[in-house]
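Letters A, B, C and D mark the chains as written, and numbering starts fresh at 1 in each.
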Amino acid sequence: MPSLRDVLDEIVAEMAGYSDRGAVASYIPQLGKIDPNKFGIAVTLTNGEVLVAGDADEPFSIQSISKVFTLALALGRVGDTLWKRVGREPSGTPFNSIVQLEREEGIPRNPFINAGAIVVSDVLLAGHQPREAIGEIVSFVRSLADDDTIVVDGDVAGSERVTGYRNFALANYLKGFGNLNHAPELTLGVYFHHCAIAMNCQQLANAGRFLANAGRVPSSGHTVISSERAKRINALMLTCGHYDGSGEFAFRVGIPGKSGVGGGILAIVPGVASIAVWSPGLNARGNSMLGSIALEQLTKRMNWSIFSPKPA
Amino acid sequence: MPSLRDVLDEIVAEMAGYSDRGAVASYIPQLGKIDPNKFGIAVTLTNGEVLVAGDADEPFSIQSISKVFTLALALGRVGDTLWKRVGREPSGTPFNSIVQLEREEGIPRNPFINAGAIVVSDVLLAGHQPREAIGEIVSFVRSLADDDTIVVDGDVAGSERVTGYRNFALANYLKGFGNLNHAPELTLGVYFHHCAIAMNCQQLANAGRFLANAGRVPSSGHTVISSERAKRINALMLTCGHYDGSGEFAFRVGIPGKSGVGGGILAIVPGVASIAVWSPGLNARGNSMLGSIALEQLTKRMNWSIFSPKPA
Amino acid sequence: MPSLRDVLDEIVAEMAGYSDRGAVASYIPQLGKIDPNKFGIAVTLTNGEVLVAGDADEPFSIQSISKVFTLALALGRVGDTLWKRVGREPSGTPFNSIVQLEREEGIPRNPFINAGAIVVSDVLLAGHQPREAIGEIVSFVRSLADDDTIVVDGDVAGSERVTGYRNFALANYLKGFGNLNHAPELTLGVYFHHCAIAMNCQQLANAGRFLANAGRVPSSGHTVISSERAKRINALMLTCGHYDGSGEFAFRVGIPGKSGVGGGILAIVPGVASIAVWSPGLNARGNSMLGSIALEQLTKRMNWSIFSPKPA
Amino acid sequence: MPSLRDVLDEIVAEMAGYSDRGAVASYIPQLGKIDPNKFGIAVTLTNGEVLVAGDADEPFSIQSISKVFTLALALGRVGDTLWKRVGREPSGTPFNSIVQLEREEGIPRNPFINAGAIVVSDVLLAGHQPREAIGEIVSFVRSLADDDTIVVDGDVAGSERVTGYRNFALANYLKGFGNLNHAPELTLGVYFHHCAIAMNCQQLANAGRFLANAGRVPSSGHTVISSERAKRINALMLTCGHYDGSGEFAFRVGIPGKSGVGGGILAIVPGVASIAVWSPGLNARGNSMLGSIALEQLTKRMNWSIFSPKPA
């Protein structure tokens, strides 16, 4: 087995050589300005070790990766009753598709497509003002990463608010089916803000540790969620974490992961590591092009795929 | 950790107590006659040990489970060019849906939905008479299971031929899009026959060993497929192996698995075990109801989910 | 040929005998309060004669019938460039479906489904405040009916605003595809208000006269639209005027018509008559149940179907 | 009003000037060989007069136009019970779409899309051998046209049989839903043969006379169907006769019509005329490009649209 340090350095070097780096998301204006040549990666091992390479300390917009954290928080809040309002199946359609919602009468297929994550935001808004709910989400992410400097990028949040017509459509549609308890603009306020959380790879890898460690933050020993629930969130990330490219990600990379249109991916090797990778250019499915390739190389060289036997 | 022997015995006892056992598939007349009270399970460990419980030596129709074997065989035949004709994404629609085919112009979403498996059969038919292609598939399965008594149930194959109108529709539709090289009735002849292979749990668990063991049959050391390919088939089983219930199976059971409407499930714990379970009654998604529950209990008690950390 | 007077009286008598009168629309609270036993009909002949029967002088909410008037007004405003933003085909889906919009990238199938009518409202809003646009629509309808007492029912308009989530979804979706020039809430303000225009059968039949008379109001001789455009609006009413029940209406009634969920239908016999019928209970397709039956009887007894030969 | 003779001559002259004539259907090999420069038109007035122009005496494959005749024949055979197996609504999807069938569980939307016409063929096959059923259809068409020389083009029928995979898919799909009483290949044998009937414009216009004349053949006085049924078939032609271009045809041409991929259109002016036009090139919706334009010009110049007032 090669050393992880060497593998990360090799990957950073290889990624620098790619000329086709995908297209930076342009539908959120603030994201369109990011330099496509950025590439960073961070690995937090469950033994506490952290390795970084490339632009791992540069903050980016985590976007849909935040849905992993809001899901964990919402399950803590309402438990498995959440699943009355959201499904657990891959969608078979693009991330912002509304077709499935009509066919299945307002129940989003999973918590990682936009409609499902909006319902999760709605759960987190219960009994709160939007500002409070956003504050709780940020506090939760800070505690997971053990880093109080993590904040919402207000420009990005504002930018989504203005251009997020399809999300407004989804929220109103959910409301029309009775699957939204608050006014669409309030729930979307929460949604847009948690998507606009900015983190660098190191912070993000740290924030994901609990999923690699049966629900507990290794450094503090704090139990965030039960091991059962950690296992299940990992399963959802594997089957639904990359929108309509989830099958491909499982096929090539072979570990649970959640991508965001900011170009980040959070990936989990259960029992071993939490990984954050970032490269702003996206592939045709809306997932980080180089991020996916880098993770494929990493799991291959380290034999980290959950679909491979491990040496005893 | 409890002993596997005890766990299997407990599970058989628990399953006997279920009164709601799902509905036996009735659309294939021969399957509709099976006693819904049957329940069997077999586990073949990669160290060669085999444990069985319940009706593990009673043959049943493996149906769609055969698609795992034909996929492995076809990949051996044509390699990754197969993926030009079949996708690798969960479908988001029922197993026999034709809607997705129209939207995606004749490319089935994955090799485990009917349309995808029909394309795989078409690959295996190349250069052969149907009878030869069927013979090769049966030989392949026999060699995997190291058991020359495995045969096609001719009654079941004939039964599918007569009633398989939706499969004829799919095959003709594929042909209309140019994604079938042979006459629909010839390709379906192969498809119906491999679906009608009869095996008992012990044979099926043995046949799946290579997937738990990086592509090699542990007993003989014979390499069936590369470790890379075994890993990827496992990933496909996880994301697509239970039709539109694949997300739920991953969420609850947490290991790669492929179900059949005969009530069987083949499941893989990479590096550890190949499992076959059989109970004829199906749940709403068309997967064995008690089989799914039994596997959920088994992976939970043995900590076999691939989404959980393993003790060092 | 029987006398129209007799036929109308017979129809009113027959309709009184129906116990199954359909279901009053409940999704707009104000509409849910209407007495389902109401039935009215008015016929304005192109020769100026007006015949009424039943509750023909009781105002009701014209709802989607208003889309005929806004279409005529918008065509006057922007001409055939409207058809770049809206199609002219039956939708094959329910009136408030969003599926078609996704498939056809934001171009509604026709101006009578909700999405299409929202685009028409958007056209009428150009260069105006919503209040002004609403004022122009009401003025136009008053001039068509030659009746200055016609007004918007503010309670109904407010009621739609609060509960119209699916329409908000549609408007945001259109906006996301770039097919809405104004803010969704402004365009919907116009839309909800014109749907909330209240008219009685007599007023409505008068307002429709120009469509039966090659675009000219017979009483005043005023040309509202060209005869070519009147012909084409009639064609659209025939193919698309009853949502996913348009084929059935053409099959049974055989004249252009536009229904509203308030239970009204405006129907046109080109060259002969403009007809308004009202009965609040709706059939499964969302069209007035008794209104449809009454019109079927009327066209049959008067030989008014456009699909039948006329005596020389 | 100009003379019909002059109008037809003008139209033929104008059509000769078109360089963009659409694309000749290529999916049926025999049709792909037709000269795209052909153009013919024939008008049979209800008074018995027949006017022809252009290539009106050259036979072409009537294809889907035959569905009008099989519908009339099937309604005569089983009456309105036919409507339990076929709907009466425009489909909103292409002519050979299978999507709608899945959503609506095997009930085709109307008798003019392929699936619906296959069900109609299945009705006509009841109690017959395919050869007999085909014979009855041809006899019926001959009697309508009063011309015993009309035959099925065997080459075209054979050609469809070989390449008609999507129709085989539709037939098997219908069978899977229990909406086909005979073996798919038998029903399709009937279907392919009636689609392969060859007629020239003059014969076709004659064959359609009964629809313009309240169900009676004017020359013989023979009642083919009731006036009620003729009216309703006309309505279906208007709403569903041009596949997913029916709305456009109603909008531009304004009379009932049924097109075929051979480039023919049969159109009806109730009480006035039966019209057959032929030009092999098709527009994007699969309807004769010049045929549609010619009919638009004809109805405009003769004021034949059913959506326009007629002078007293």
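Operating definition for what follows: a residue touches a chain if its C-beta (ideal position, glycine included) is under 8 Å from a C-beta of that chain, and two chains touch if they have at least 3 such contacts.
Protein identities per chain, from UniProt: A, B, C, D = Glutaminase.
Worth saying up front: this structure is predicted, and the values here are computed from it rather than measured.
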Intersection of the contact lists for chain A and chain B: none
Most distant chain from chain B, judged by the mean position of its C-alpha atoms: C
Residue-number overlap at the chain A/chain C interface, same or different (half cut): same
Separation of mean Cα positions, chain C and chain A [Å, integer]: 47
Centre-of-Cα separation between chain C and chain B, whole angstrom: 55
Where chain C touches two or more other chains, by residue: none
Full enumeration of touching chain pairs: A-B, A-C, B-D, C-D
Touching residues (chain side chain B, partner chain A) in the complex: 46, 87-93, 100, 109-110, 212-214, 227, 230-232, 234-236, 238-240, 244-248, 250-252, 254, 256, 270-272, 305-310
Of all residues in chain C, those that touch chain A in their complex: 97-99, 102-103, 165-166, 168-173, 175-176, 184
